[in-house]
Amino acid sequence: MVARIIVPAELKRDTPFEVRILIQHPMETGFRLDMMGTLIPKNVIHKLTVTFNSDTVFQASLGTGISANPSLQFWMKLSQPGLLKLFWEDDLGVIGEAVKSLEIKGPQN
Amino acid sequence: MIYSLNFICICARCGVVSQIRNYKIRLLIAVLTLPLVCAVGVASANAADINQSEQSVEFARVIPPEQLRSGFTFISDDLRYLQTNDDLNPAFLWVIQGETLWKQASSKDSPSCQSCHGESNQSMRGVSTKYPLIDKKSGELVNLEARVNLCRTRYQHMNPLNLESEEMLGITSYVASASRGLPLNVRVDDQNKAHFLRGRSLYYTRMGQINLACTHCHEQNWSKKLQGETISQGHINDYPVYRLEWQRLGSLHRRIRACLSGVRAYMFPLGSKELLDLELFLGWRSSDSKIVVESPGVRR
Amino acid sequence: MRKINAFKNPKSESMGESSANSLMTKRDWFKGVVTFGLISRLGCFIGSQIALPKDAFAQPSTAPTTPTTPTVGASSSNLSVAQLTPFQLLFKEITNSQPVTQGGIVLETPRLADNGHSAALRVYVQSPMTNEDYVKSIYLLSDRNPRPFMGRFDLTPINPSAEISTRVRLNGSQNVYALALTSKGQWLSAHVPVEVTESACLDAS
């Protein structure tokens, strides 16, 4: 499953910026029926963690109320370059990861 | 009308209005006027249908060219924002998947798409705007999905992909997105004319329990509301689209099937001849400088 | 052509001819049909009043219901647990029945959501986001979805602002609630009404 981490092209030191996450996941509610009339079991990304250089930046616990292919946005700021890691797990135990390298551009302090 | 008026007649001499009671004369009048009544009925039922002349070379457009608008102009601000922002557009998840598949070679005997076609944004630019077209080897009408499968079976020696599968949607959305900003360029010539005419007749044929043809919504009532939704002109420049209703990406054939289910008509299978012919007509119909490829789109 | 006389001549009867011929007059047939029709109509009417409930033919309303006034917080504390809706129960459970302050949260969503499958939502909690005073968690709840819990987002002082954006599923027109817990243990809440429309055609594709 594809996961995207999108940040602005130019990141400045200690300047807030928005991080956008988009994950390809059906987020099955458990209420839908398949073509044969059988209930499709519930399967959502129940846990999502974003870390930056091993510090937890953002955590989410999602329910079926979040739409399919979840899109999340939060804010953070950088004081040093590093790796932004996204880790998520769904009800079936499927684990997904994505990594984005963040670099500081612009005048140094 | 004559029957409902109970065979009323007016005496030519005295002007008295009375009824024809003689059953033989009634029968004669009914038999003679039956073809006329049937013709009136057929004409009124087909009032929406245009004259399908096989002799005309230039096919008339029902919507005047100056009024042609992409489906993008009919959707809400929220969806337009999603479609224009590649970062937020959920359909891009499939484009990224397609990019991975484009570069992937499953084995030495199965070259990747990239090994023949190179970078998609260069080699595939303008390609999806021409489809559907006639495949030279088989002589059949093929759309982009069918072409991907032909490539896979003929040159990559791989199994064809299932239509509407994640992989197929990925590759078609990736190839279609390479033509962004270009108008559609579907041409009708002697080779595909028969397909075009069949597709055109399907477009103007009433279908289903609700007994509506495509034209009734998309050519006669576009920009009007249908249960809170604004009816578009039914152009295909944004396909494949991420539809909120489906919660995933879907092809044009799936969308046409959804329309058919909406009028409670028989849904032609994905990739069927009928849907291909219809796609050819829709491609011609959307081929205008005002309508450019915006794939992948976002719809409700 | 031989005339078929299905009816006896009424005049002949009045003149005293034998009534061995049991065929009815046209008038009798007409009277019989009309009487039958009237009796059957009356019977149907009586039967419908007795057998069927009054609203047997009432069509269920398909119009989206206007979001009702939210009934959480102090007003629901007087109700017993059995009387609370799943949403109210969850609200109490999350806040642990502690006092909740209305306000301090900006909840943005389109007033009219295109489709209940995906409605954009933005939550912004006013907070300095310092080590001493920051927003720990933001909860999203729905008062009409089958499962009222939509999501929980945990923040840290690393985040410069307590702002979350996501897309949510809405089971019809309703109020969406945001609950925020600050590092000082204070609960904040806000809600926003959303109208949800349906797609034009039923999609069986």
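In order of appearance the chains are A, B and C, and numbering begins at 1 in each one.
The rule we apply is simple: contacts are C-beta pairs under 8 Å (C-beta built on N, C-alpha and C of every residue); 3 or more make two chains touch, one makes a residue touch a chain.
The structure presented is a predicted model; accordingly, all values stated were derived computationally and were not measured.
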item	value
Category of the chain touch graph - line, ring, star, complete, other	complete
Interface with the most contact pairs, given as the two chains involved	A-C
Whole-Å separation of chain centres (CA-atom averages), chain A against chain C	34
Separation of mean Cα positions, chain B and chain A [Å, integer]	37
Sequence positions of chain A contacting 2 or more other chains	67-68, 71
Touching two or more other chains - residues of chain C	117-118
Junction residues of chain B, two or more chains touched	244, 247
In the complex, chain A residues that touch chain C	16, 29, 31, 52, 55-68, 70-77
Complex contacts: residues of chain A adjacent to chain B	2, 4, 6, 20, 22-24, 26-27, 67-69, 71
Sites on chain B touched by chain A in the complex	87-88, 90, 92-94, 96-97, 244, 247-248
Footprint of chain A on chain C - complex, ascending	117-119, 140, 142, 145-156, 158-161, 163-169
Chain C-touching residues of chain B, taken from the complex the two chains share	75-79, 226-229, 231, 244-247, 250, 254-255, 257-259, 261-263, 267, 300
